[in-house]
Amino acid sequence: MVQSLKTDEILVNMGPQHPSTHGVLRCLLKTDGEWVREVWPYIGYLHRCKEKIAEKVSYIQFMPYTDRLDYLASANNNLGWAMAVERLAAIEVPERAVWLRVLAAELNRIASHLLSYGTFGMEAGAFTPFFYGFRERETIVSIFDQLCGARLTYHYARIGGVMRDLSPETAKAIRRFLDEMDRRWVEYNTLLSDNEIFVRRTANVGIIPADLAIAYGLTGPVLRGSGVAHDIRKAVPYACYPKLDFQVCIGQGLKGTVGDSWDRYWVRMLEIRESVKICRQVLDGLPEGPYQTKVPRILKVPANEAYVRTEAPRGELGFYVISDGTDKPWRCRIRAPSFCNLSILNRIARNCLVADVIMILGSIDVVMGEVDR
Amino acid sequence: MEAKEIHEILIQHLPGCVREFRTTTADPFWVVESERIREVAAFLKDHPALQFDMLQAVTGVDRGECFEAVYHLTSLRFGHSVTLKAVLSHEAPSIATISDIYPAANWHERETYDLLGIVFTGHPDLRRILLPDDWEGHPLRKDYVAPESYHGISNAPD
Amino acid sequence: MPGTLTDIINFVIQTALALVGLDYARVPEMLRIGAAMLIACAAMLGYVAVVALFFGWAERRVAGRMQARQGPNIVGPFGLLQLIADAVKILVKEDIIPQTAHRFLFRLAPILVFMGAFAPFVVLPFSETLVVSNLSLGVYYALSFAALEVVGVIMAGWASNNKWSLYGGMRLAAQMMSYEIPMGLAVLTVAVLSGHLNLRTIVLDQQGHWIFSWNIFRGFPWAFLGMFAFYLAGLAGSKRTPFDLPEAESEIVAGYHTEYSGMRFVIFYLSEYATMYVVSALTAVLFLGGWHAPIPRVLAWGGEVHWEAGPVLSALIGMANMIGKSFFLMFVMLWFRWTYPRVRVDQIVYLCMKVLVPLGIICLIGASVWALVL
């Protein structure tokens, strides 16, 4: 009788509107009961053809558009684009501006990882981490509000420097926040990282071996979670990072296998602490001087090409820019970390449970603004 | 490893592969024969002194008279990077896929196909990735004209 | 002294009719019982609504306190306006039935679920006298009606014609069905210890000195462990975190009530709180001495040594004890929800089959031996 029962695999659309697809990702799941046999991600729902826009607007005008790539880490995108253009046009940036950019980028990294902490907790079914993460993120956002007047799309780094100088009050607010963050970090771990249920949900789930991670071009915490100590800030030092003391955090399989979801999560948690360390050093060592050099209103860039890599919160953000002597780039290719990181989903989310797919997706931590560009 | 040394290894092991080695730009690049891209990619990946194990991006560039496919490779072990370029005809741009050598190329090639119309022969799943399946044209081409409307949705600026 | 709530109501009706000059004895038997039951049920329904409303509000407040939320704690005095805001919001929502849904079953499902959640209230004793129906198989009745909820939820999942709903329905069916086993075993532990299935008698049995006459300590360690098995199983049965898989919003959108909106959704919502209350109240009745106060009887009102409280006062005190215990256990549920992540579907089965069921069996055997020896 059991044999005569008809069973079937069903195709389920997860997204583009689903609580945990981080925006408008659509995943097609082939499910056999609770088991997911295969996952196909479909992207492009947020496509704005940024690379075409880049060809239509000038180098300076494109800066605000970069805010909207990985909208959770605008400061890092600004930094990447500014560095790319400055490299092509051979613009010298004042030392103070370089340090301020790093400060903004690292604060933004903390904010981004906090959000990731919150959403990851929520995907595991725990609500509270989300609110805790947002509480601290709110402080960072207010600091950015003081720093540059915006709360999400900062547009802080400008070509040739930064938008505004750091006021002493803001510096004080940042220091206050960093001290607060140290305390909260411990609280976060008590709440989520060491929670037995959470560990059982994430450890040994979605294991990405190091060689597979490299083959798929994964970068950032996802690659480091697999135990590969690769960080652009160390590998190809830029800005003032060589002068700063910080560590590259890697997954060590503390709760399961190296490269599982918990490791990726843990790398982000450790990076929050490293970024706090960096911010302190930047505040201590901030050089005096101007924060902006003179850049012509119409910036004509000689024919040249460069691929500039920076370490965004989600991995290697690359701007490959080809200039042709006019004030607009001939071609601008954005190598978005989330795009590459997402491409492995089909490979690792196989023969697992529906709940695991969510955890794997959450541990990869994609931002659709960047995937679809 | 410096770009010059990489270049020497390349011309020594794969003679006739490199059409041009340009160092005048901010990042040096190699123009390779487009028919031999797979050979070059596999060589760069496997050579013990090079070990370019990670593909960062595949980019298509519309140069007007021709297309270029640009590959950015890097080695996590040694920290060096290369930029490979292959020149393709403008009428029927086509190049062999390297997605079996570098799985990362899979989505990048799909995107390049989607936005520029460069065909990657041998690609396991060459479909549009960012644009809808029924979209016409390839927006990143220089001669692309944006459609007036899509499924009745006007595209006119306000 | 009247025995049950029905008797009290009968007495009230009798008095009222006598005042108007009618003879209660001449009213047909069926009508009398029917009227009394109806009034008692209406009272319980009102109570369910109050409990659900109170916990709707309390949950917001507790969550607000635990999670540093701004809203629920500052809207009006004690956040009370939040309750009104929620109610208004939910009442003005459009009631949508998806076009491809099975309209009849879609409408029937929430009613069945609510019936399943509400029915056990009838046998819950609030004090020695305050019980709607003093069934001799009270525990059995309460547990079996929980199964009705499963039917309703599967119905909701299937009739919505939505894959996520179906998932939710199936998950809940599997979960509730399997957790009935440890729940039943834990209840049997108590039944063996006290020798009754009547909830009122079970509580009366726990009368004695201080908390040590409660089942949880009287049957130590079996009933003590049994209580955890019962409470956890009940938690799973009322689909609360960490066992809220059937409505896991991050996985299957909202599970079986994905397609429900407005009042129909509220009914599911109310049923959830009602089930939570039933589980808490049953835990209190079976293990925590029901309406008996946790303080020594010498100090307690109603202590036989010093002073006998009147029937009204002792009923009120018993009710306060009973509600206090239930509410505390419900608060623990809220506490869980805002602290723990959700378990996975295989882990929930593991917990049931490999932890709680063996634990339940051990408790049952242990309690049986206890009952024979002592």
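As written, the chains take the letters A, B and C, and residue 1 is the first residue of each chain.
What we mean here is this: a contact is a pair of C-beta atoms (placed from the backbone, for glycine too) under 8 Å apart; a residue touches a chain by one contact, two chains touch by 3 or more.
These numbers come from a predicted model, not from an experiment.
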Practice problem: Treating touching as the only link between chains, describe the layout with one word: line, ring, star, complete or other. | Solution: line
Quiz prompt | Central chain of the complex, centres being mean CA coordinates | solution = A
Exercise. Report the inter-chain centroid distance for chain A and chain C in whole angstrom, where each centroid is the mean of the CA atoms.
Key: 46
Exercise. Using mean C-alpha positions as chain centres, tell me how far chain A is from chain B in Å, no decimals.
Key: 25
Quiz item: Taking each chain's centre as its mean C-alpha position, how far apart are chain B and chain C in Å?
Solution: 64
Quiz prompt | Interfacial residue positions of chain A with respect to chain B in the complex | solution = 43-44, 47, 49, 51-52, 55, 87-88, 214-217, 228, 230, 235-236, 304-307, 309, 316, 318, 320, 322, 330-331, 333, 335, 339-340, 342-343, 347, 372-373
Exercise. In the complex, go through chain A and note every residue touching chain C.
Key: 10, 12, 18-20, 33-34, 121-128, 131-132, 135, 191-192, 195, 197-198, 200-201, 353-356, 358
Quiz item: Quick one: in the complex, what on chain B touches chain A?
Solution: 25-27, 29, 53-57, 59, 61-62, 70, 72, 76, 79, 81, 83, 102-104, 106-108, 111, 115, 128-132, 139-140
Quiz prompt | Interface residues, chain C side, partner chain A - complex | solution = 63, 66-69, 163-164, 167, 170-171, 241-242, 244-245, 248-253, 337-347
